[in-house]
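For reference, the structures are reproduced in the following blocks.
You will see chain A twice below: alongside chain B first, and alongside chain C after that.
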Partner chain A sequence: MIEQLPIINLLLLLGTALIIPLFKKRPFQLSLTLCFLVLLTVLVSSVFLLIHVLEYGEFYYHFGNHENLIGIEFLIDAFSAFFTVFVAALVLVIYLYSWKDKTEGIENKEFGRYYILLFILLFSIFGILYSNDLFNTYVFIEILSITSCAIISIKRKKETYTAAFRYVMLNEIASMSYLLGVALIYMITGHLNLERVATSLQSIWPLYSTNIIIAIGFMTIGVGIKAAIFPFHIWLPDAHATAPSTSSAILSGIVVKIYILVLVKLLFRVFGMEIVEALHIKWIMLILGSAGMIMGSIFAIAQKDVKRMLGYSSVAQIGYIILGIGLFTEAGLQAAFFHIISHGIMKAALFLSVGVIIYYKHVQKLKDFEGIGYQMPISMTVFSFGALGMVGIPLTSGFISKFNLGIAVIDANLIFFLIIIILSGLLNVVYYFPIVISAFLKDNKEMQKIPHIEKVPNIMLIPILTLGVAIVVLGLFPNLIMDIIVSVVATLF
Partner chain B sequence: MNDTILKSITRIIVPFIQVYGVFIILHGHLSPGGGFSGGALIGTSLILFTLVFGVKKAKVKFSERVAEISGSAGIIIYVLVGIVGLVLAGSFLTNIEAGFPAGVAGTLMSAGMIPIIMIGIGIKVASTMITLFHTLVEEEVR
Partner chain C sequence: MIILQKILENINYLGGIALFLIGLHTVVTHSNLIKRIIGLNIMGTGVFLFFVAIGNVTGGEPPIMTEDNIGAIFINPLPSVLILTGIVVVVSMTVYSLSLVIRIFETYGTIDQKELTRLISEQNNHD
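Showing the complex of A and B:
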């Protein structure tokens, strides 16, 4: 039975997306409850899979009982099981928040469609993580980019259309270059299954070096555009700024990370250390990562819109993750994976707390945040925790990930990058702290007279409080997930 | 647009296109084509109808609600067939081992579940094509 859980997860997500449109005449509350139950089931079964995998080791799932030479294969190991749990848990929190956040630009008619898209998006994320096949990964990537484009453009506004159009154009280029890379790999190996490709590449790579260089270039750039690695980030701030808050949280917290995980799978599982070292991919990733860390922060300082600022901050934080992966050491990868988790939680907290403020005050510009801490204490506190985490203040999860990354960099004897990490942290202070200070600490008599009226539904406050607590808990007890991450990283080496 | 020749010819030709689409769907496991191409043909016939008779009449023939239901139903057929394999043979989308009749190779009644799946895909593709076209046409009017 436990072997069937991955496919049951996928079918539950797909099935929900199919059933919502059939429910239209019924009260919408019914489908909301159904979606919640499905998400909960998926979360429970993912946790179950993770426990099973950690105890008994990885297992394969073959579609239609065909062997992996001709058939489709899923690999459920610590890597995929762990990240599916992360995705399911974070989406459950964001989903609860989205119940009441209807007013934010989504028309009532579109509201049901939003959940259809959300569930197809989740379906493709699970597919990407489980899939052990280059072409199926491509298919799921395509589903993921189309649905994420749709949840950006669901607000019928001009800016969202522009942002979504730019997103879809760049993402199509990225998909096509990934597919071209897959084709080149298939041309020389004759396989699409990750393990079969990896074994045949080990023996033939000196013969077909040109093919492999071109393939690896196309695939990394394709995934890099989708993951918003620094020079390819131009679509991200617009898309994240104009989308509804829940979409921004999902895109920034989860979707971008999934592409980074695809990159990790490609580099570690398909090409292997030997090819990666021969092509100096390490240095490319280290330089792009650190450039992203610095430039993302510098762009963020210049922003006037809070959601655009958060978007550019994502570019900087992705730089940290790429830097950690680019070290190609176990410590670096552990730090990168921890940062994937902690940045996911922090960014979701930031976007959702800004979303509460937008829901209530209808403001999005940084200058309107003055004194807002008196009126909306809870959401602004969560925002401050997220901001502190982004900067890397101790007691937050952001500190742990930056600390681990610093140690990994020192271990690899690359002190120069430690300076960049610290510099980028200081730049984060420059754009996160003014918001917190102007929200809470501006001495303004008028502001203090206003009673705290946080007329926001509880169902929106509970999720952001959960995220705020999670930031602190992960900062205090990082070993809760660090132990699992150690065994996740062990599967890749 | 009120063109009698166009309308009469469309009336004659649409059923033929649709029958051909059904033919392609049902012979998916024997000859080139299958659910996607056949579904695209059926969708195209409805697009032709919309072009000639206008969106209003086309909506009567194939309303949004019908499109939504058939779009969902297409994939639900696929998923249910897959689940049959999961229950009977322990793996999603198992074909012959799950007890689907293999039939004689080369005849219409063969290949186990493949024709059923093809029908599901055909329904889905046809309804998606017509929905996309209707959406695009209506955007322009607005």
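Showing the complex of A and C:
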């Protein structure tokens, strides 16, 4: 039975996406409840899979019982099980928030369609994480591309169309590059299964080095465009700033990370350390990561719109993750994976608390945030916790990830990058703290007379409070997930 | 002469790469949004040609088993099958981006990227 759970997860998500249109005539509450139950089931079964995998080790799912030479294969190990739990849990929280937040330009009749897209998006994410096949990954990546563009353009506003168009163009160039890389690998190995490709690449690497170099270049750039690694980030701020708040949280917290995980899979499981070291990919990633950390923060300082600022901040935080992966040590990967989790939670908290403010006040410019802490204490407090986490103040999860990253950098004897981490942290202070200060600490007598009532539905406040608590809990007890991350990293070496 | 021979031997691969680059050039340099989408399709065709060309085996027969050709050399059918999926994906991507272009034309009245950039920056300055 437990071997069937991954496919049941996928079918549940896909099935729900197909069922939602049938409920059109019924009260909308019914399909909302159904979706909630499905998400809960998927979360529970993912947790179950994770526990099973940690106890008994990895297992394979063969479609139609064909062996991996001719068939498609799913690999369920600590890596995929852990990240599916993360995705399912975060989406569940964001989903609860999205129940009430209809003000953001999504029309009422489109709201059902939004959930169709959301569930297909989740389906493809689970597929990418489980899949152990290069071409199958490509198909899931394409599904993810279309749905993630569509949850931006579903909002009927002028700017979303151009942002989504730019996103879709770059996405498609990236997919084509990835597919060309797959073609080059298939040309020399004759396999698409990750493990078979890896074994044959090891033996033919000196013979066909040109093919492998071109393939690794195309695939890394393809996935890099989608993951918004620094020079390829131009689509991200527009796309994340114009999307509805829930979509921004999903795109920034989850979707971008999934592509980074695909990159990790490619570098560690397909090409292997020998090829990666011979091509100096380590240095390319370290330099791109640190450039992203600095430039993303500098761009963010110049922004006037809070969501654009958060988008550029994502570029900087992706730089941290790439830096951690680029070290190619166990400590570096652990720090990077921890930062994937903590950045996902913090960015979701930031985007959703900004979403509450937009819902209530209809403002999105930074100058309108003055004194907003008195009017909306709860959401602004969560925003402040997220901001503190981004800067890396102790007691938040952001501190733990930066601390681990710093230690990993010192272990690898690359002190120069420690300076960049600290510099980037200081730059984060420059653009996050003014918002918090102007929201809470401006001495303004009039502001204090405004009653502290947030006329925001509870169903929107509970998710952001959960995320705020999660930031602090992970900051105080990082070992809750660090032990699992250690065994996740162990599967890659 | 040897170079010419090499080119003729690998003409499929070269054609695939050439189409890929032509498409990429169109996507990056043209300011008309429809032309960009056409460029994407050309790019896709290049990759598909490359992928299908991999499956070719010199002197191979079409992979249909009959009583006559048992033991013959067949070409590899797998790339062609994979590319069927790829074509479907690119078609859906094209449909989605064309529908976006329709929306852009309805709201801004133009499908020229330079014109769009001008309109958007004017609007931002106005705010």
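Criterion: the second predicted complex is superposed on the first by the 493 of 493 C-alpha atoms of A that agree within 3 Å, B and C clash if a C-alpha of one lies under 4 Å from a C-alpha of the other, contacts with A are read in each partner's own complex, and residues count from 1 in each chain.
Quick note on the criterion: a residue touches a chain if its C-beta (ideal position, glycine included) is under 8 Å from a C-beta of that chain, and two chains touch if they have at least 3 such contacts.
All of these numbers come straight from a predicted model, not from anything done at the bench.
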Tell me the contact category for A:22 with respect to chain B and chain C: first, second, both or neither.
first
By the touch definition at the top of the document, which applies to A:7: first (chain B), second (chain C), both, or neither?
first
Based on the superposed arrangement, let me know which partner A:153 touches: chain B (first), chain C (second), both, or neither?
second
In the superposed arrangement, does chain B or chain C reach more residues of chain A?
C
Identify the partner contact of A:40: answer first if only chain B is touched, second if only chain C is, both if each is, neither if none is.
neither
Does chain B (first) or chain C (second) touch A:165, or do both, or does neither?
second
Could you say whether A:234 touches chain B, chain C, both of them, or neither, answering first, second, both or neither?
neither
When the two structures are overlaid on chain A, which partner does A:65 contact: first (chain B), second (chain C), both, or neither?
first
Of all the chain A residues, which ones make contact with chain B and with chain C?
none
Which residues of chain A touch chain C once you look at their complex with the stated criterion?
135, 138-139, 142, 145-146, 149-150, 153, 158-159, 161-162, 164-165, 168-169, 172-173, 175-176, 179-180, 183, 186-187
Which residues, counting only chain C, touch chain A once they are in their complex?
20, 23-24, 27, 33, 36, 40, 43-44, 47, 50-51, 54, 79, 82, 85-86, 89-90, 92-93, 96-97, 100-101, 103-104, 107-108, 116, 120, 123
Quick one: which bits of chain B touch chain A in the complex? Just the residue numbers, please.
65, 68-69, 71-72, 75-76, 79, 82-83, 85-86, 89-95, 97
Touching residues on chain A, where the partner in the complex is chain B
3-4, 7, 11, 14-15, 18-19, 21-22, 24, 61-65
